[in-house]
Amino acid sequence: MAQEDIELMSVSVDRTKPPLLSARNLHKSYGRVVAMNGADFDLYEGEILAVIGDNGAGKSSMIGALAGAVRPDSGKIVFDGKEVHFASPMEAREQGIETVFQGLALAPALTIVDNLFLGREYRQPGLRGTIFRALDRRRMRAEASKHLSDLGLATIQNIDQVVETLSGGQRQGVAVARACAFGSRVVILDEPTAALGVKESRKVLELIRDVRARGISIVLISHNMPLVFELADRVHVHRLGRRIAQVRPSDITMSDAVAIMTGAMEPPPDAAA
Amino acid sequence: MTHIKRWLGHSVSVAAIAIGCTAASAQDGSVLVGLITKTDTNPFFVKMREGAAEKADELGVNFQAFAGKYDGDNDTQVTAVENLISAGAKGILMVASDTKAIVPTIQKARDAGILVIALDTPLDPFNAADATFATDNFEAGRLIGAWAKATMGDGAANAKIAFLDAHESQPTVDVLRDQGFMEGFGIDIMNPDRRGDETDERIVGHFMAGGSEVGGREGMETLLQKDFDLNVVYTINEPTAAGAWEALKAAGKDDGSVLITSVDGGCPGVRNVADGVIGATSMQFPLRMAAFGVEAVAQFAKDGTMPEVTEGLEFFDTGVTLVTDNPVEGIESITSTEALELCWG
Amino acid sequence: MADEIEFPGAATGRSALSRRILNHLHANPTIIPLFVLVIGLIIFSFVVGERFFHPFNLSLVLQQVTIIGTVALAQTLIILTAGIDLSVGAIMILSSVAMGKLAVTLGYPPEIALLLGIGVGGLCGWFNGIFVTYIRLPPFIVTLGTWSVFSAMVQYFSNGETIAQRDIEAGAEFLQWSGEAMKFGAARVTTGSIMMLMLAGFLWYMLNRTAFGRHIYAVGGDQEAARLSGINTKRVLMSVYLIAGLICGFAGWLMIGRIGAVSPLGGEMTNLDSITAVVIGGTSLFGGRGSIIGTLIGALIVGFFRNGLALAGLDVLWQEFTVGLLIITAVSFDQWLRRISN
């Protein structure tokens, strides 16, 4: 890893400032199933926050609310000091919150370029763009190349390659590149290493560090404990629809974290949310 | 990669099959006759095809059959005519699905010097084809009507007759058979081009049964509701008659008190005559229709002779024969046993 | 800068060459149908001889595929969204009956009748779209239903009666304009065929050179993914069904030109025939993959095979047989392509 990256990473996160993205007392139920039961959330500028929790703990609903994919029944979300209400992922994205969903949200039969600009294509200037709705393909290709090489993904040589011919790790790379390509401030990664082999998981881990090095705050949802403990500055433990603890990886062992997550152990008093 | 190769191999072998098949039907003879039927599943058309193929073989002309995919499939028939023009056919025998819509395409064929003969169903207008070879449907109806009248004797004066027709839009065949029956039975048919304008009190009613078993049963049930004492049933074809019989059976009127008459001469219909379900049916001859057609085209190709029409009619009558096991005096008929030799389907 | 992150190719150890070929097939799915078409033409030129390559015959095949080709263009859009439209034929017939009825029976100017007829097609498509998009019923079921509904409307408006050529010529000749042929030597190219090709060009542009087109592919590939990417998937779906309806209405006009009359019969198999052309053209029934050019080639393959086999003197049943084999081959290929890419 190059020298400047390490320096950037070592810049400590300033937690005296208010959080960049926070949520208070979120509630959501689907019929009788309670997905969020007073969930709180805090993400500070420049940090990697891991969110862990058992299956069905309601992580996805909370993340969905932050990403604009789920509308909470009640509670409030504050982003950059202002209360926000996202009606769609597009609205969250416009504010600078990008999400890489577990399904990756890529269109399999389209090329890498098409996917990077999906939903926010550039049109050609003048009549060709306004009347004939022609895409500015040259500009999109140029920018796509730039974004990919910025993230060290330049080895994906052919940006006109169809996404479904890429390996799982490469697809993850495209999805992440898309998430940070448009001036985003928060990137939410949902299970970025699920379905990946050890080697490819490693690549993704490095990719996440690169993204953070560019000053983007990261929310990482994962079941992959070694990954979480290696990457995260803080860990948000979710249980039964709410946050029950916030811990630092340095202060706690992996097995204790899992025990808290599953309810086998009470969270340490100073960590209780 | 190997998949692609294998796949290529498959397509090549398909092509080889195609070549192999065509070698058998080489285009040595110069005369090509095409037969285009409404479908290739109806036994009536299967029989036509058989007749045409046999005759073509006998006369040494090439024969090719086409068919729509379903009754009413005009587009496939259009394509077939065009392909026959392109293949340089001398004559086209046509059972049109849409007798009006096919006309412009038929005109193209005739402009290309092809002899077009309408089989079974006349085109609209009638003269859109060079000739029409068909059953005299009015005669077919008249025969069963006269048979029913003679069978009932004095009772005919008080008969109660149910009519199971095909369609509201009064297709020509439908009207001709219906009106022929009335004529034969001694009902004043008023306008012969129109069904339903008659005032004879012996008529219980008309039901549009669509030419199918289901329609026949439903029609019979409906008309029995109207008058349970009806004793004569006219049906447009034999499937309709079979459906009507089911309804009569369900109503307990299968004791021979009701006379069922029909038209067609299909083998299931003839068997129903043998079983006493149908009293009498008028048999038509699809095989003959197509064979005559092929003959006419061969003749036309040889010396340009146009086919003639039957005297007193505007088309060439391919004949109709009454089939019954209870013959009556004055009407020529054959028995169901004899008819089984001649029937189609 | 970070170390160069190098993603290994998929861990299957496939050779670079086969990977390149695979990529090519993914990027240009029309190669295979084009190949089939060329092979077919070569075989028929041997089997049938000069009659087959006669300009008259070639232009005839183009005429014969015009209607199915046009409807197949509409079907392509629908299938690209992972949908299917069984009502295309009924929409086409309904539109042509509407045109004929308005112009001939009710005496509207034929140009107005044409526009209203195409509008009827659009309305039908819109109707399909509402059920698929907002009521979220499977397209197969929706269009199975509307197929019957639209067919019933055809019978209602037409009374099952054909409007004959002479009646159309008597005052609404414009409706037959699409059947007019331009002569190039022995070849006869109808204005309808030319309009179909122009429509295909327009749709190609829309699919490949506009954001809307890319969104159609995205919605078909993975609707949820497209939604999460910020695409208004409902609007895309609605638009596709609407456009498909309009194209079918347009095909209704071509139909009048082709047969010279307005027939309420027919169109029953148009849905399956159009799906056949789309599938043989390499478009995946699972959505998200395929092309307009492929569909045109697919329609031409069916047309040339039918025509070639007919000229070769083969019975109609062998024509059906061959088209059936082509379908199965095309779908097997699509499946194979999917399987190895996952």
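What to note about this one:
Note that the chains take the letters A, B and C in the order they are written out, and that residue 1 is the start of every chain.
In this section, contacts are C-beta pairs under 8 Å (C-beta built on N, C-alpha and C of every residue); 3 or more make two chains touch, one makes a residue touch a chain.
Since the model is a prediction, treat every value here as computed from it, not as a measurement.
Chain centres here are C-alpha means, and the one lying farthest from chain A is B. The central chain of the assembly on a C-alpha centroid basis is C. Averaged C-alpha coordinates give centres for chain A and chain B that are 73 Å from one another. Chain A and chain C have Cα centroids lying 41 Å from one another.
With each centre defined as the average position of its C-alpha atoms, the distance from chain B to chain C rounds to 36 Å. Shown for chain A are the residues in touch with two or more other chains, of which there are none. Across the complex, chain C meets chain B through its residues 17-18, 21, 36, 39-40, 43, 46-47, 51, 54, 56-57, 60, 63-64, 67, 159-165, 255, 258-263, 265-270, 306-307, 309-318, 322, 325, 329, 332-333, 336. For chain B in complex with chain C, the residues that touch the partner chain are 1, 3-4, 7, 10-12, 14-15, 18-19, 21-22, 25-27, 40, 62, 64-67, 69-70, 72-76, 78-80, 82-84, 86-88, 97-105, 124, 167-169. On chain C, the positions that touch chain A within their shared complex are 1-11, 19, 22-23, 26-27, 205, 209-212, 214-215, 217-218, 220-222, 224-231, 288-289, 341-342.
Remark: chain A residues 1-2, 5, 69, 88-90, 93, 99, 101, 103-111, 114, 118-121, 123, 132-135, 137, 151-156, 158, 160-162, 164-167, 169-170, 173, 197, 199-200, 203, 206-207, 209-210, 213 touch chain C in the complex.
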